[in-house]
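One chain, chain A, links the two complexes that follow: it is found with chain B in the first and with chain C in the second.
Our next item is the complex of A and B:
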């Protein structure tokens, strides 16, 4: 028989709290480990690229060793069609999306929680307005909106990431609004108002920090995945980072010219990097969602 | 006001009073009308909402264009650049200087089906966008079908049998599929089709859209359906909905009676989730179509948008953004209609 957590005897509660990790589903643990590995790899590689600690010069051409395979001549992942070291270029390619991706996350979270609090806490007309805005943003396919901005202004990664952040905001807003409505059902907000707490304390401390931080963490990991996807797609389309500066998208694009000749590796290596990284961020978000918000099944 | 007849205490709506006049006010008709009237009101409200959103879309598109640096008169007046000359030309072309004036002229032109002419080709944008939209619709609708064909077996299998050894691998399979970069998958698809099936899939976009062969159609559709990055979300959503419906009490009753579960669970467990997921994923498919059309040289909206973004061809990209928004709004409108018709209770709330 299922008993509410707060109804359990104190020893049992302490026991469960001490062994909280035992309650985590095995698959979630697997996803979590994989995701954390990927995230730490990305962060470490970002700093390696930032301080220029690369095995080879990423723009130095080695015309004797063009498109060699894994491990040849000291190139751990081989070289591309100009004999440039693939591993160094892939590590440096993280520069292309890491900081812009963080910008997109910050915009999505701050703007999204602003909208969510507006519509959830105040409700009424404001809620209608926010819903209209969310539907309006959802009406545009993200890539079309980005192409519109690229055509109107210039293909700059920070403009693109502002759009990615703005288009992610409605998701965050909807989640926070749902959470606030749930808290309202439990008379949580009403009682904190009755206690005389100032509004900013209720919103920032009690709603956003105590109750919504898990939502924000999950959305941050998912947002990074989407930022990577957008950056690689746009670099592929030629609106992102330009050669010779490496980015995973333009590496796939450059390597794909040689794919028909049977040289898979120069485009497959960055493509696999994209896949494993996006998978890592998505699985991490999913595992955190199950662990922090409770598994649904 | 003779249509608003007052009989007793109850106020009769126009349709109901019409039914009264036609001697149709049997209990059955009354019951039906009680359902139909709120549904009609809700449907009209949805239509108005869609119109309001399209108005907002036009405003957003125009604002981005308005804020863009550079103006179109500097091209016309390459010789003399004085302010008075610019003013003169602008006035002779009926061009308003104010923001609102420009916007209203533009909006009225759009409502007449005039999206201007392309800066690059000089052709009418409206006709080009319409034909491109039809091509893209072919691609995306077929690709959605592929996605659903992949997602349904996984979702139904994992939700009907909740704990099987295949559960984890199938879920991970869906994740891996949706994390694959679409452009790379497209190149691998071309490689496989040329080397294994000895067929070169690029060849459309040369103006022979009528005799498009089945293979030319098939490969881009398969690639977009697999790689648009939505498979895992579709699987997750369908799984959640199907297992929720399967736990409902009316399904348990149907089971106990020996009635078909699929028939009773169809509307809520399959029809509504499908229409909802399709309508909410239209933007993603249109976004993915940009890349697939680029790789396969498909003469659709995505390729046109890419070309227009390269050339800063404002009228074209604006037309495409509007067309894409109209498609998204239409999709969500259709979903709302299905929802209202399947679940009339929703319009009473």
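Our next item is the complex of A and C:
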């Protein structure tokens, strides 16, 4: 049912005016709440890990309770094959994702928008050069590149995330370039120049903020998911975060050896954490995009 | 009305290069125009005659190579006169053979930098421009109010956001938008085409320019809205005393607004003069092209015997191979008047036949 705002009863109108969240679509509100919950859990876990406020010492082996399931006495999420507390290790595992993931996002967005603006706004030879660079990066298998870097330096999560960020940059660049070219077809940029707007205002305010912010938000949340997934696949190959430092990826890998014996929990718990976290970031991005740009349906 | 010059364009050349045909496209080929202070100059001509390109060149908005090559553009402001193309000729090297430019070397980067430098105090502050598709010319993600406030803060003395908002609402009211307070928070897609063009006019005027270039402001609007926009422009021009350049392919739009009219064809100005002299249907002083344009206006006395509209036979010639003689020769109805040879082989000069009325036609000069 659609009713004009002015026709609603006065209490309802005042109610809507007073509470900003009543203007948001119900689904978006749900996504937003879920996303914010997940992100704040991640942030809280990061600080808990950073200040070492864990329920158990993550490296202390409880040899009496090896591979106990969920809900065991003392160990809420159970223990792994060496009797280490899973909850503590999962909280500490965030350390491998939070700051490195942010680094990957910052690199991807800043480098990507720099390239995108260069090729879209200035065009010509710069555009050709940037396109060739993007094709080069796109055509090179990312995993091989990361393995090369890990082999050349050391398996440090920051090196991996720098590469993840750099290889994500061409995607951002291509999206921003397309957007700018679309805007150039409508002569909005031309008219802005004719109106005497300085170039930095046009690029940063009108192009990047107003017209590309949905791209940037989506890419930021996708980038976080990408970073977590990339670490997981590397850990599975044994090139991610190295034991005994926990990360969700190497916890899945370590636990998978015992799946066949029926002890699925040490592997499933971090896998579920990965799933819900990535989902949280994606849905948060979706909700923010809908709130900022308006829902399409 | 005083007749001090405001903008003077002399012998402007803007070329493009066709990579397929390996030839220059002579989009603007020696355009000379004068706009008097406080008056309206209407530029009329068919599509592709170089109307828009000559004004975009004036504003330094041509990005494609080689772009503007030669010419002199002088703008008279309160601070004195200023050449908009100053210091630019050092970046261009031109080879001329038989009065035709055959090769060009242009340092585009240095040129663009110099243009930015020259235009920094001109764009928005002295000259504003409105474009033909208002919805495409505004930021689709920002409210029209905020865009106008941005203009006000950039180009006027107002620094206070609240005052700037009041000013923006004032301008929205000035262009006759209903309930401007409310429309202030609308995005461009929330407005109709006509209202969006009004907002665009408000945005262009909010920086208080002395010259307004309107590039086909009524194209894409329906007929009643068109005439309302034209009335609005005429009214604002009278009240604010600004100078206006109006570009249109519709000679009836031009005739309603202009004090002076320039008729463009194939990259040159064929005729410029006071509106009365140029629009005089019975005059034998005007250019045959102007007469042909006037007789193809859809009005009752212009209809043919079978009730059809008159049209100008032939097509606008492409601007790659420009003829040596008169550009309009191929379509001219008066070419059989005994001077065909001269018309065919020699390009007529742009000569003054009465004060302020210049024509490029052998028939009128002789």
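The rule we apply is simple: the second predicted complex is superposed on the first by the 245 of 297 C-alpha atoms of A that agree within 3 Å, B and C clash if a C-alpha of one lies under 4 Å from a C-alpha of the other, contacts with A are read in each partner's own complex, and residues count from 1 in each chain.
The criterion applied here is as follows: contacts are C-beta pairs under 8 Å (C-beta built on N, C-alpha and C of every residue); 3 or more make two chains touch, one makes a residue touch a chain.
Please read these numbers as outputs of a predicted model, since none were measured by experiment.
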Chain A as common anchor, with chain B and chain C clashing or fitting: fit
Touched partner set for A:68, first chain B, second chain C, both or neither: neither
Touched partner set for A:162, first chain B, second chain C, both or neither: neither
First (chain B), second (chain C), both or neither touched by A:197: second
Which superposed partner A:132 touches (first chain B, second chain C, both, neither): first
First, second, both or neither for A:39, with chain B first and chain C second: neither
Superposition-derived comparison: chain B or chain C, residues of chain A touched: B
Shortest span in Å between Cα atoms of chain B and of chain C, once chain A is used as the common reference: 12
Residues of chain A at both interfaces, chain B in one complex, chain C in the other: none
In the complex with chain A, residue positions of chain C that touch it: 59, 61, 116, 122-125, 128-131, 133, 135-142, 150-151, 154-155, 203-204, 207
Residues of chain A that touch chain C when the two form their complex: 185-188, 190-199, 206, 210-211, 293
Residues of chain A defined as touching chain B within the complex: 27, 132, 135-136, 138-145, 147-153, 229, 232-233, 236-239, 249, 252-253, 256, 259-260, 267-268, 271, 274-276, 278-279, 282-283, 296-297
Residue ranges of chain B touching chain A (in the complex, touch as defined): 49, 52-54, 56-57, 60-61, 64-65, 67-69, 162, 168, 171, 175-176, 178-184, 187-188, 190-191, 194, 229, 232, 240, 243, 282-284, 286-287, 290-291, 294, 302, 305-306, 308-310, 312-314, 317-318, 320-321, 324-325, 328-329
